[in-house]
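One structure follows; several queries about it will come next.
Labels A, B, C and D are assigned to the chains in the order they are written; within every chain, residues are numbered from 1.
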């Protein structure tokens, strides 16, 4: 990430400097920054973003449609070329839109065509907040919206997109929350303490495939040294944690039958709130386990 | 299953009748029944089986080796022809030895050759008590035995094989326990009662494949009308239950985020005791679950 | 319990015999049985009871008030003399109305007086379905009813009272469900099986006192040989199970710190459905436990 | 707590200054500090304490007995006067030795006499690390020691006492760990998030009485703003947390039967490691709960 502009500096700029500093956050739409400048200075980066979006929302309907139309098609050439979400970090890469199966690609193209035909503007979605499957689901669901609701939905997505871009460009007080967190914890209630050295895999679970996002090992506190995902939105979608707990009990020297009752424990869960905190622990013995959504 | 002989009737038979009645339980080995007849009458079918095995075990080493050698090779033509375990019931069919991948088939042939070279008799195992993977694991593990221990292991397996045949041929008091039981129960602790109508799948989980053994639905008591497996040995191996709990909560009308935290809950577990009772319940809310080996 | 009349025999009786056979079930009110006789023969004991109650409910308001008034005061002399619920079995005796503290007795007398003044008939409640505290709570709650609702409530209670009397007098198909069941189960997920030999106490927990209802020990299946309560209504109220689990782990020879993390585990729970099934298990290791309302 | 001396300053002192600075940490025993001075400078407060104890342990047996004998009787006048542990903080006051029942007091006096008779020196224990019951248990257990083991045990206790005094007198790097921590967390898996506003009580549970140590309420994260106990040793002994969870579910507007299945949930647990971290969470729905020793 290149160096960010301080909010205080931005607040001190004249309109031209302000617009230059925010160039590209709203694609091909300089009037958004121009319109917001007068509302400054801004007490927080959140307030700045709200002001920018307020400019968009205050425009007449036709202008809002033109605004949305300035965004590129999600699919087409872009989809399989994989250049949609260059900023998405490697740990959370998962099943991107560049890895559609043929059937999914066809479905995607059909949805794109139907969407354009119905609404007259391209489908816009903040792909950094969704897994591939969730993008396809949103596509299908939003096709059922009435035009007014869908225009609002598209603008809300542009809000998510530009909010992520803004926090990468500007720093200062009152940063909007754009990052979720996924963490885990393995507690061995057979021995009465954290389970150390447990190998854990995190998968994104799509309908047609699954992708390994992360492999890690628990530390002496039964946690991972860093959260499984943090600093970025959690992509809404379905995941699976796999805990290699059989090896842990074997390493403790427990005498267990062969095959053991528990060996690899899968926990499959959905994420619906990309900026939420998901703590998904495993409380486990050789003969039982439980999990829950913690915080 | 054809009609069975009553133990009382068997006890009343002379040696010739007794041997004829038990023909085929010990393959090509009439002297086993002949030797046991004098020990009757038998108070229980278990005692009858113990007497038959005692005859085997009392023979000199060379005779015991010849006895084991009278059993057909597990693999060879038989393996992929699928005629090894004709009695295995459909519900528990799973990944039979007739469904080996090419790699597994090669491994199997190599093990067979190595086994014969090392011990001088064919590998005998009660295939009705093991999954395909467990057969291969047992093969590899037993190759490491010393000859004396392995001869005993082979005879113990013949004990399991003949015990199953005997209970299909003779009925009476004191039947040996040859059947395990796998059951489940879904309790919804969000509503405080059994979860009815939950779809459940049971899979055998092999290293190279998985096989759907059973599909069922919970009744008003949160249980399945019949155990998932009963009346036969549980094949030692690895299994997975999948509970379609998301549909249950949706059917209850709960308003949950999309995607829900829990949708399909997989519980992966090992069976080591083919004649044991495995109760594997799911205690679940939309945000948590636990399981354990019950009884 | 004296010998019961068969429903078939009752169905065959003339009106006089029928009324004589049911004498005393509805106190001092022969017209109830008289009125119901014509509706016979009855397909079930439940149908018989429904017919008796229908006679009561069909009477004009004044007659219904007179009917309720024929019932003795709950309190007064009776309360502390302990002769209200002679049929309650010893195991469930608990904190009867004969064991009121002075403060509770005063509260009781005041409620009685206020109730009579407000409704003009005595407070009627099926004391076999409630603990002492629940009787006092019901008293207070029902004082807030409007007269029509309270008359219906009193008659519903008489329904509960007479239903219990009826099943003690008549037997046949379609017996009404008048008995609840409380059971438990201790599963040791440290060893992976039932916990045998665990001492369990069941207490009724009142606001001013607690009463030991039952002491028992788990069997090899981790259950009690008989349910903790069965065959009678569970008295609605609050209870506590105490599991002596520390002694169990010590008996297994586990080396645990002193004092152990878990020694006696109390589980406090409420019963609201006297005819319901309450299964309250303990799933436990030396470092964790869980419980739930099972069925 | 008065101002503490910096370890660096202490390290710079001559013997006289050093002894004056540490005066009173070892009661009436100036030779301990004198003996340790030469081992300085000390890299950590832990190393300083180890050096002080090494001086004690290096003395001949008679001197060590005299050293222990310089400590006052635990009981006698002191016991009921309550001046034994002036430093114990109010939150953890509990059932002090000043609150012995008559029976306990008699038992205490008898133990004191027997101990003196057997060992020839007074019973020394670090009362800030034990509940009253645990002190009495330790008394009884240690009476069974052989004299050598008991002398070592007494000196180890003096180690605990002086370690606590030392950290109140000296500050610097490498402070010994003298504080435990008890915390909790209430997670409502019916709603899928922390339970806020849950009232919690913490009791010390003695054999003859129980004492309320703390009352608190969960915050928005389902935790308490501060740990239930921290900054001091957890007194080894038995405790009970009581969670007022019925009020929480009622406040959420859930429609539950009356009485609710869960109202107040007691969790009774033992603490054996005064400097350990005990996290005792409650994971709860209206129909189930679980707890475990977390960390």
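In this text, a contact is a pair of C-beta atoms (placed from the backbone, for glycine too) under 8 Å apart; a residue touches a chain by one contact, two chains touch by 3 or more.
Everything numeric in this text was worked out from a predicted model, so none of it was measured.
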Chains touching both subunit A and subunit B: C, D
Copies subunit A and subunit C - rotation angle from C-alpha fit, nearest 5 degrees: 180
Farthest chain relative to subunit A (centres taken as mean CA coordinates): C
Inter-chain centre distance, subunit B versus subunit D - centres from mean C-alpha coordinates, in Å: 55
Computed distance of Cα centres, subunit C from subunit B, in Å: 47
Where subunit A touches two or more other chains at once, by residue number: 189, 192-193, 261, 283, 287-288, 290, 292-293
Chain contact graph, described as a line, ring, star, complete graph or other shape: complete
Complex contacts: residues of subunit A adjacent to subunit C: 189-193, 261, 283, 285-288, 290
Partner subunit B, residues of subunit A touching it in the complex: 134, 236-238, 257-266, 268-273, 287-293
Of subunit D, residues touching subunit A in the complex: 187, 189, 192-194, 221-222, 283, 290, 292-295
